[in-house]
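Two complexes come next, and they have one chain in common, subunit A, joined by subunit B in the first and subunit C in the second.
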Partner chain A sequence: MLLKLVFKNIFRHRLRSLLTIAGLVIAILAFGILQTVVDAWFAGADMASAQRLITRNATSLVFPLPAYYRERIRAIDGVTKVAISNWFGGIYKDQSVGNFFAQFAIDDNYFDLYPEFRVKPEQMAAWKADRRGALVGRLLADQFGWKVGDVVPLKGAIYPGDWEFVVRGIYEPKDETTVTRQFYFHWDYLNEALKLKFPRRAEQAGVFIVGIADGSRAAELSQAIDREFRNSLAETLTETEKAFQLGFVAQMEAIVTAIRIVSFVVIVIIFAVVANTMAMTARERLSEYATLKALGFGPAFVAGLIVGESVMMTALGGALGILLTFPTAAAFKAMVGTLFPVFNVSRDTVTLQVACAVAVGLLAGLLPSIRASRVKIVEGLRYIG
Partner chain B sequence: MKIPLAYVVRNLWARKLTTLLTAGGMALVVFVFTAVLMLDAGLRRTLVSTGSWDNAILLRQASQTEIQSAIYRDQASLLDTLPHVARGADGAPLVSKETLVLIAIAKKGGDKPANVVVRGMPQAGLALRPQVRLIDGRFFRPGSSEIVVGRSVADGFEGTGIGERLRFAGRAWTVVGIFDGGKSGFDSEVWGDVDQMMQAFRRTLYSSALVRLEEAADFQAFADAVGADPRLVLDVKREPAFYEEQSRQLSQFITILGIVLSLIFSIGATIGAAITMYAAVANRTAEIGTLRALGFRRSSILAAFLVESMALALVGGAAGLLLASGLQAFTITTMNWQSFSQLAFGFDLTPRIVLSAIAFALGMGLLGGFLPSLRAARLEIVDALRAA
Partner chain C sequence: MTDVIVDIHHVSKSYRRGGQAVPVLRDITLAIPRGDFIALMGPSGSGKSTLLNLIAGIDKPDAGELRVGGEDITRFGEAELADWRARNVGFIFQFYNLMPVLDAFENVELPLLLTGLAKRERRVRVETALSLVGLADRMEHYPNELSGGQQQRVAIARALITDPTIIVADEPTGDLDRKSAEEVLALLRRLNSEMGKTIVMVSHDPHSVESARHVTHLEKGELIAG
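Take a look at the complex of A and B:
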């Protein structure tokens, strides 16, 4: 009975309900996309493994470490593998955002530390055999249409000069949280070239990726590594890969916070719209509610009628909005693919969307329903909208 | 004949809750819209005021930032002899050869460190940046392990008060002063003596050089002189142009994100206005019939409802603007991708932004009110009167 009335009521003001639901769809959609943008920011941290530590110069990331630290770190008990990774920062074609991608000079055993990057054994062998060889991610290769054997020219910004690399392999992601937008080449190649051109800058590592056997010993091993180099010319700072990645996000915290706040502002905006619709509806039907009461229905029934209609509307709008989030996210990803390599709508986002829709529906119906349930029969019947 | 404005305004007043909710929704949209424009304006002003028009900055060819750049000592000493370089009161050329590094300092209220620019400069560096004023303490003495910090650094980072010591490059550096960079990017930097810095960081190269020109118009002649010397493999830029480039990506990002958000939100608020106005028309059908019977034209009815909708939007817009103007008290510190360091900038409310925000609000009101007003204007007198 209640449900039937609620349903009929929605369609009495078809245009108004339609407009309200349209507004809801847009708001829930925008909320979902914004939450996904925030998630995308943390993608690097989500992919981080508990069994990898990152050792960098304690002063800041722009200072290198001596390459011979590699052997001393490897000698520490509990460390399984160590690989150098240097940020190259070369320019492909021009400086536009669309042509930007991360390039790293790495040790040959780097991929042993990253099992989530899948490379065909023959491609890996071909890469190891070619001094100028490069391994590129699937996403990157697709974006620029690179195939195995293609030559990629980069203009060095940190390491001056024109550099040329040959794509020897394309690595595939293990699952959808894996970022495959990096460009890897031999640290040895970079180092040889530096020895000739800038001998002072050779034999240096940007960071060390340290593989450990037991993830639960991460804190203890980080301290052990840092202790090894205390009071040396280049003191180190070792942290888990996750902490390292979160450090990057923290540097841009203000922007992430702003997006978070704004995503809730849109919910408040739509709350105002739905609350307005319900307030108008309830005011117009005040005499009806009085009639219902005169027929013997209690205040709870009247209140249920209004809140039910409000929730029904937000449920409809919310459901549509959530359904639309997936294709929109896919389109958004295609548009800005370079900026956010991982852009997936998470389950948490959908849960939040549902929660927001229901909360807006309940709250928006609350105020008018209190007023309607309290209305005196005589006053209500006399009332003209 | 026109319908008096008082009638329009009283209609809004009659239904307070509805007016409040609709205007509230619009206020939030205008708030977001204005906040983004203010942020972008603040960022631009910060970076434009970081440079002086009669200064030229020199970097190694093809390096985009001061961090990537390197200038050899012999190149640097050649700069003193170039034409069009201004001279100070003591006759020494106004050339500041500087070294730039990034260090990680913990942000206040969080244990995560963020990158801060440390700039080593000679005494001439101060003369080249007239917008920088000392607000507390004194400047560093040449040849000492003393540093001065920008206002944003002092406000936002741990251990940067006067008398405190910052540890980096194997030394303890004493903070002896806090300077105000006039809302420029320098507010986010730490300054010390260039020779001490280079020794501590074991550097033999300068990062960049800043040169005061005799006249701002001499820039081209100076750039040609640099280009003509094969020993100087350096890029020359005007200082403001250089800083503008440094923030282009961040500025673009803020603008695009903000405009897209405002557009999406404005659809929601416009729908809200449309719902309110449709209801207003439906409730007042008899009134409209009476007005028409009294001799008011269809166009007057249309205008009255449009004005009502726009008045509603104006109230919302004004509230949103008021809310946003409160943001001027806040400063945002975030990482500039290009320079890889923290940059503090504020919200800047310019007259242009006020006008855009008002126009934006009125646009929403006009769009949301148009269809309902049209419906009101189209009503036949007889039908409308009968509806009552």
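Take a look at the complex of A and C:
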């Protein structure tokens, strides 16, 4: 009977209930999208490997390092591979967000350090044989409709000029955490062009990707690398790939924190709305609760009616909000292009959405249920809702 | 010796209004025999509804002893009192106090949910009770689909359903037209004369109290002799 009464009472005031549920849907949906945005910011760090270090200029990432550091780093005991990676930052078609994607000039052995990027052997061979060759990620290729053999023109921003590349391979992801929205070409191609046009900028690396055999030695090897170049013109800062990625997130920390706070503020607001709805509802039905108590139903039954209605309402709104999160996230992802290479609604986000819906339901019904369960029968019977 | 079903000894009750204690009942002593149909009459504020509430176990006196069916209900805690009410008291309110989201059948069934009876047994009893009040064909109607008189008859069926020791009726015809009121009073008379139900009714309507066997008057919280 408790469940029957709860269910029948929910839509007693249809407009009020529907508006409250609509508010819940929007709040839970907004919370889910905002949490997914926060997750997307950390996606690069999630992809990081414990067996990769990043060595960059200790002064700032914008300053390069001499390319010859490569061999000295490679000579350090515990280091297995080293590859250069330069951020290219070119413009494809125009500067709109939809046409933005990450481009890197890399050493030929770069993909040896990223086993999560799967390239067909014949495509890798074709890329290595073509100095203008490019390897592009699956999602990037699909976004622009590129196929192997297509020519991709880029306008240099950091490295002025018109650059043309030929897609020689498309790399696939190992799993869903692998980002496949990058564009890679030969560092040698960039370097040879710089020697001709801008010689002072040649023989320079943006960062070194350092492969290590034993991930537990990351701190030790990071220090060993940095010791190698201490007191040189270009001192280095070496850290784990995860720390490096989180460094980017930290630059936007204020925004990420603000987004997190806003996502929870949304939940607090909807709690206030639902609490108001339940308070009004409980007040209107005081005489019914008094009647039930007169008939012999206990305070727990009365409290259960109110909390049950509150939780059922938030469950309905929450379920709809969660369901709508997925298509909304997909639409958002399509809108922002490659701004967020990974933009998936995680299981943790859905769990948080469920938890918020349940918490709102329980807390919003709590005070009205306490009041109603304590109503004196005589006073409640006199109440005109 | 008459079997006394409601035995009230020196009961007093006051309410607090703005920090002051306002006496509502003063030293009431009253005995209601089993099978009686007694009407409590008096002007507004005389304490008749308060006395009814005490007998029904939905309020407690400040002083005195009140026994119903041999049990001193003034000693019960809240949970005990609720349980006692479920078994012993049938309520008929002025404004029916039906659950608007439950149909007639479900409203009448409500008190039986506290008894542990099986669903089939509950169904039989509800159908019997609704037939008794002449609403067997209205079982699936909701309160807003019934007239005032029909709603009050559903309430009477609900009051009867657990075969309570006493039935308390607070202004049962107060919200009804003359015809519906007469139907309800006729039903109450029948419950009393044919089924032996003890009924305690509060009313300020002289016509209603004609259905009762005895009339007790209250004025300013005291029983008036005669």
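Just so it is clear, the second predicted complex is superposed on the first by the 385 of 385 C-alpha atoms of A that agree within 3 Å, B and C clash if a C-alpha of one lies under 4 Å from a C-alpha of the other, contacts with A are read in each partner's own complex, and residues count from 1 in each chain.
In this section, a residue touches a chain if its C-beta (ideal position, glycine included) is under 8 Å from a C-beta of that chain, and two chains touch if they have at least 3 such contacts.
Keep in mind that what you see is a predicted model, and the values were worked out from it rather than measured.
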Touched partner set for A:A213, first subunit B, second subunit C, both or neither: neither
Touched partner set for A:I377, first subunit B, second subunit C, both or neither: second
Partner touching more residues of subunit A, whether subunit B or subunit C: B
Partner chain(s) touched by A:N276 [first = subunit B, second = subunit C, both, neither]: first
First, second, both or neither for A:S60, with subunit B first and subunit C second: first
Contacts of A:A125 with subunit B and subunit C, given as first, second, both or neither: neither
First, second, both or neither for A:A355, with subunit B first and subunit C second: neither
Partner chain in contact with A:S287 - subunit B first, subunit C second, else both or neither: second
Which of subunit B and subunit C A:R12 touches, first, second, both or neither: second
Contacting residues of subunit B [partner subunit A, same complex]: 15, 17-18, 21-22, 24-25, 28-29, 31-32, 60-64, 67-68, 101-104, 107, 110, 112-115, 168-170, 202, 204, 249, 252, 257, 261, 264-265, 267-269, 271-272, 274-276, 278-279, 283, 332-335, 340, 342
Residues of subunit C defined as touching subunit A within the complex: 53, 56, 58-59, 78-79, 82-83, 85-87, 91, 93, 97, 99-102, 106, 110-111, 113-114, 158
Subunit A to subunit B touching residues, read off their complex: 15-16, 19-20, 22-23, 26-27, 30, 34, 59-63, 89, 95, 97, 155-158, 160, 200, 233, 246-247, 250-255, 258-259, 262, 265-266, 268-270, 272-273, 275-277, 279-280, 283-284, 385
List of subunit A residues in touch with subunit C within their complex: 1, 4-5, 8-9, 12, 287-288, 291-299, 376-378, 381
